[in-house]
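One chain, chain A, appears in both complexes that follow, with chain B as partner in the first and chain C in the second.
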Partner chain A sequence: MGLIKNIKSYSEGIQISAEKREILTSFLSNGFPTTKDEEWKYTSLKKVIANEYSIENKGTIIDSSVIEKYSLGLKNKIIFSDGRLINSPSIKGVNINGFSEFESANTDSILQLNKALSKNGFTISVDKNTALENPIEILFFSTTVNGFSQYRNQISIGENSEVKFIERLQNLNNSASFVNHFTQINCAENTKVEYNKIQNNTAESQLIDTVNVYQEQDSTCNINTLIFGGSFIRNNLNFEQNGSNCESNMNGVSILNNNQLADNHTFVDHKSAHCRSNEMYKGVYLDNSKGVFNGKIMVRPDAQKIDAFQSNNNLLLSDTSSIDSKPQLEIYADDVKCSHGCTIGQLDDDALFYMRSRGIGIEEAKAVLTYAFASEAIENISVEQVKSLAKKLLAKKLNVDLDFSL
Partner chain B sequence: MSEQKRQSEDKLLEKVTSSEYKYGFTTDVESDTIPKGLSEDVVRIISAKKNEPEWMLQYRLKAYNAWLEMEEPNWANINYTKPNYQEIIYYSAPKQKPVLDSLDDLDPEMKEMFDKLGISIDEQNKLANVAVDIVMDSVSVATSFKETLAEKGIIFCPISDAIQDHPELVKKYLGSVVPARDNFFSALNAAVFSDGSFCYIPKGVKCPMELSTYFRINEAGTGQFERTLLIADEGSQVSYLEGCTAPMRDENQLHAAVVELIAMDNADIKYSTVQNWYPGNAEGVGGVFNFVTKRGICHKSAKISWTQVETGSAVTWKYPSCILKGDNSIGEFFSVAVTNNRQQADTGTKMIHLGKNTKSTIIAKGISAGKSEGNYRGLVRISKGATNSRNFSQCDSLLMGNKCGSHTFPYIEVKNNSSKVEHEATTSKIGEDQIFYCNQRGIGTEAAIALIVNGYCKDVLNQLPMEFAVEAQKLLEISLEGSVG
Partner chain C sequence: MLQIKELKAGIEGNQILKGINLEVKAGEIHAIMGPNGSGKSTLSAVIAGKEEYEVEGGAISFDGENLLELDPEERAHNGIFLSFQYPVEIPGISVSNFIKTSITEKRKAQGLEPLPTKNLLKMMREKMELLSIKKGYLSRNMNEGFSGGEKKRNEIFQMAMLEPKLAILDETDSGLDIDALRIVANGVNKLRTGDNATIVITHYQRLLDYIVPDFVHVLHNGRIIKSGGKELALELEEKGYDWITKEADKKWA
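And then the complex of A and B:
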């Protein structure tokens, strides 16, 4: 059996358009990507798709105490329960709706599947000249046992607007759920967008998350990804800069333990001149966890005066953890400054000794150093609540009772 | 940038792009060739011509059969028309193999060719203290200093001689680092290699001179399949130089060589290459396809150091690698890869850390000009047992002109937590401020670029032995002529 069979039998019983049917048929004949695909070289989906999933969501009502537990307590909350939009705030200048169909350029097979099967997600459009003071919090709750869900979301930001988002996917049971999540963000001229992803789902949960960002002239888009929970996480983050003076920033922190796997794939496509991109991914690996990083920077011909920086730093804190990193540069223009750096190492023994000789326990000393390592990326987040949550989760994950928010 | 400056820069680039290959000429030496095409019979003919023992023939046939089942790899970031393997002549040798006591016996035409290249054997013999084993169209024509080396117990001879005289060594080590089935080109090479060099340094011997081989492709439509096997026994030390220049041809020529290095405990091998095969003309017509498999294995506390200066070939596909099997072994890779006009290079290295406390260093410098594409592709793999291993990688790219591309594909795989890996890469062009600084001090733009390029490559050029460093600088100048004074 397995997921492919589940999808097959599910698809036989649903009404979808001929186009979607065609996509689905081709997906079913090709199957999920394998480690023979260059983009999936280090991450195997074999185990994930061998499980049995239930594709039809039941949709149970959840009570407010649950929401409170997982929310950051922000004023503007968009809440989904098993894909159904159950709460949306009314904000001036912002239109929030449920799922809508839209085209996506990316042809990756996971996205094809998303396109064919999606029925849930959000559509947000922000009017011109709107600067939101309060961030918008988006919560996806799932109650289905072993559910396989597709969310398809689109955000369109009007010219000269500024808005921040926080997104969180949360299972309300401990089953091995699998989410195929896709978000497309369109940034019009002179917009500022920050999108924070808190990936701290239950231990068995599995996720493939794709974000495509399209930027116009003078826009800035920051995507921050915080990975703490879940057994399998694959993030595809793609930026396309279509106008001059764009800025794309990516920050990522992964703190993994047990048998967790986190795979971060990023791609910045510099299509226009005078643009910038900054990327900083930090990974901390404990126990049997495994990390994968693949960062690609492409500078198209004639996209001159590009500054693109990428760094990927990793701490391997156990004997059985591993990391596969592949920072890539593809440059077709000469007047650019592009660099990438990648380090893999351990905590400094001298620094640990220094702290221990001053009466700080080994766990605490390690945690302080680990925090110092990860903080560079965490500090780039502008939403205070997210920052402090990240610090809390970090302390929890490292098993220490420390407050880093000094 | 001001319009005027842009124009002068364009002019400069045009000059760079239009510089022609200096070493394009062919030598008329009668050749003993077999009909083109590849089949089991051809493999048998090559083996028979070489008067090889049965085990060698079997080795070739096994490789040939493996090759038949393999597909030409296409994962590299290069575009080329795949050669028709039935259109290639797999064996050609100068008709008479001269047994030379002195250089005077050398075919005068060949001698002239060497002079044109500036090699001048006699001069090198006397002055540079270099033993030169010249390979011309697959068969060695001159071997010198053999006696001096023999005194020390060093075996340095064409591999075909080694198969006859030292079958036990060849049998033991041939294909032990690069198995015939390793990849498409290594299988092809194993099936049809006609000659190459064999070198064995006995235990504890420090080779008193630099060993070198000059490879040349001479016969039109002849693919050259070199095989180099270098064994450094326990505690020995050797520095090996390899250099290539090829005559101008309009037909694509295939070069699929295999180099195997074996460094036993505490041995030290330094392998340097200057490669200047014909890169094709400015439109990308002709040129050599350089598909080479180079790999070395390090036993305990051994060291292998690869240094390469790659300026030629239309298409390069080459990854000199180190398998750091023994504890405390060291691998190094220093590379300058220059591409111009429509050249394409996909080159880099693999460092496979298996032993404890193993160290590797990678310094790769790419220079792309004209409409060329330069790629760095590297793998650093730290396996579970390779505790306390260390890797440092640096790959920089320099772009000259806005039609060229430069790409890096580093793969880093770390499986234990006591190892440290650092990787950094940068891509940029020569800064306008740097050139301005030089101009201001009376250094012309061309000289300034030469100065900067030389400084940029210094880390790698410094690794080359003296004689080669000079030649390498010459090559850089020729490759980037117009901008490098």
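And then the complex of A and C:
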């Protein structure tokens, strides 16, 4: 059996449009990517798709204490429970709805599957000249045992508007859930968007998360990805810069243990001149965990005066953890500034001794150094609540009682 | 307070300390002098508990407890402080955060609640004043981009905050100009009480003009070859080390 068969038998019993049926057929004939696929060389889906999943959501009702537990307590909350939109705030200048159909570049079979069978997700459109003071928190809860869920979300930001989001997917049981998450963000001229992803799901959770960002001139889009929990996480962040003076920023912090795997794939397509991109990914790997980073930067022939920077720094804190890191720069313009850097290292013994000599225990000293290592990326987050949650989760993950504040 | 008996220690199979005997009592200041490579920094590292150093023989007790059985952090909790010759840069951690963490951890080990932030900041301000440290310093990253003098001053600042029973100042004078030297020495003197003790490790007599020792020991080739009062430092300044090291070399040949 396995996921492909689950999908086949599920899709036989439902009504979908001819177009979707065609996309589904194409997906079924291609199947999920394998490690023979260049984009999936270091990350195998084999085990993930071998499991049995429940495709129809068979959830139970969640109560407000659950929401409180996982929420950052922000005023504007969009809440999904097993795919159903159960809460949506009313905000001046912002239209929030449930799932809607939209066109997307279905570049891989995972997005084909998402296009063909998704029926849940949000649609947010922000009017022009709207600057939201309060961030929008988006929570997806799942109570379905071994659920396979797909969400398909679209955000359109009107000219001169500014919005911040925080997104969290949370499984409410310990089963091996699997989510195929897709979000498309359209940033009109002179917009500012910050999207924070808190990936701290239960130990057996699995996720493929794809974000396609389309930017018009003078827009800035920041995506921050915090990875703490979940057995399998693959993030695909794709930016397309379609106007001058765009800025795309990505910050990532992964702190993994046990047999966790997190794969961050980023792609910045510099199609216009005078744009910037900046990536800072920090990974910390304990036990048998594994990280993958693949950062692709494409500078098209007319995209002169591009300033692109990418860094991927990794700490391997055990003998059996690993990281595969691959920068991929394709530059077809001649007047650009592109650089990348990758480091893999361990904690500095001299620094550990220094801290221990000040009374800081070895585990705490390791945690402080790990925090110090990751803090550069954490400090780039502008939402205070996300920043302090990141610090808390880091301490929790490293099993220490420290708060890293002051 | 501190008793070192026949201490033999080394690193990677090379014996550096070849039988050190030293007793430090509360309220005392001891200076350890000696030429390069005599084992001064090894001695301080062994007292603080640096793991690369192997203790091959002898004993160290601190307040009656066997120090060699304790982890470096436990030694710090018991009141030992080492001012590093080369303080380590820790980017990403502010001075205030670092000090807060070390004080909190020390208090935790003593079964005490963390100090309220307000009290902690007040204490920091007082100690900063004592050491003429400028504002804005607390939010800088630990030792990152600090000048040699700033690093040393930061060591003494931590010492002032942690209030150790025994402070070992390992070449705290190196890298300090004369004004900074005076400020640091002044800080050390003001922190002095009848209950704490200091070991000053230095090459030069200069620091001892400001921090006046009760005892001066000359370390050479892993042994204390001569001990005396503060006048010994002056004699060394005048005559150099040769006159005693030659004699010692003959004796231990």
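We adopt the following convention: the second predicted complex is superposed on the first by the 404 of 406 C-alpha atoms of A that agree within 3 Å, B and C clash if a C-alpha of one lies under 4 Å from a C-alpha of the other, contacts with A are read in each partner's own complex, and residues count from 1 in each chain.
The rule is simple: a residue touches a chain if its C-beta (ideal position, glycine included) is under 8 Å from a C-beta of that chain, and two chains touch if they have at least 3 such contacts.
Here the structure is a predicted model, which means the values were calculated and not measured.
Undergrad: After lining up the shared chain so the two structures overlap, which partner does A:Ile4 touch, if you call chain B first and chain C second: first, second, both or neither?
TA: Neither: A:Ile4 stays clear of chain B and chain C.
Undergrad: Check whether chain B or chain C contacts more residues of chain A in the superposed model.
TA: Per-residue touch count on chain A favours B.
Undergrad: Is A:Leu28 touching the first partner chain B, the second partner chain C, both, or neither of them?
TA: Touch partners of A:Leu28: none, neither chain B nor chain C.
Undergrad: Pick one for A:Pro301: touches chain B only (first), chain C only (second), both, or neither.
TA: Once the two structures are laid over each other on A, A:Pro301 reaches chain B alone.
Undergrad: Which of the two partners, first being chain B and second being chain C, lies in contact with A:Gly341: first, second, both, or neither?
TA: A:Gly341: touches chain B, not chain C.
Undergrad: May I ask you to decide whether A:Leu132 touches chain B, chain C, both, or neither, giving the answer as first, second, both or neither?
TA: Neither chain B nor chain C is touched by A:Leu132.
Undergrad: So, A:Ala203: does it touch chain B (first), chain C (second), both, or neither?
TA: neither
Undergrad: Output check: A:Gln328 vs chain B and chain C. Expected answer is one of first, second, both, neither. What do you get?
TA: In the superposition, A:Gln328 touches chain B alone.
Undergrad: Quick check on the output: what are the common chain A residues between the chain B footprint and the chain C footprint?
TA: Common to the two interfaces on chain A: nothing.
Undergrad: Please give the residue numbers of chain C that touch chain A in the complex, ascending.
TA: Per the stated touch rule, the residues are 48-51, 71-73, 75-77, 81-82, 84, 87-88, 90-94, 96-98, 100-106, 109, 117, 120, 158, 162.
Undergrad: What does chain A use to touch chain B in their complex?
TA: 38, 42, 301-302, 304, 314, 316-319, 321-346
Undergrad: Over in the complex, which chain A residues touch chain C? Could you list them?
TA: Going by the criterion above, the answer is residues 348, 350-351, 353-362, 364-365, 368-369, 371-376, 402, 404-406.
Undergrad: Quick check on the complex: what are the chain B residues that touch chain A?
TA: Residue positions touching the partner: 75, 397, 399-429.
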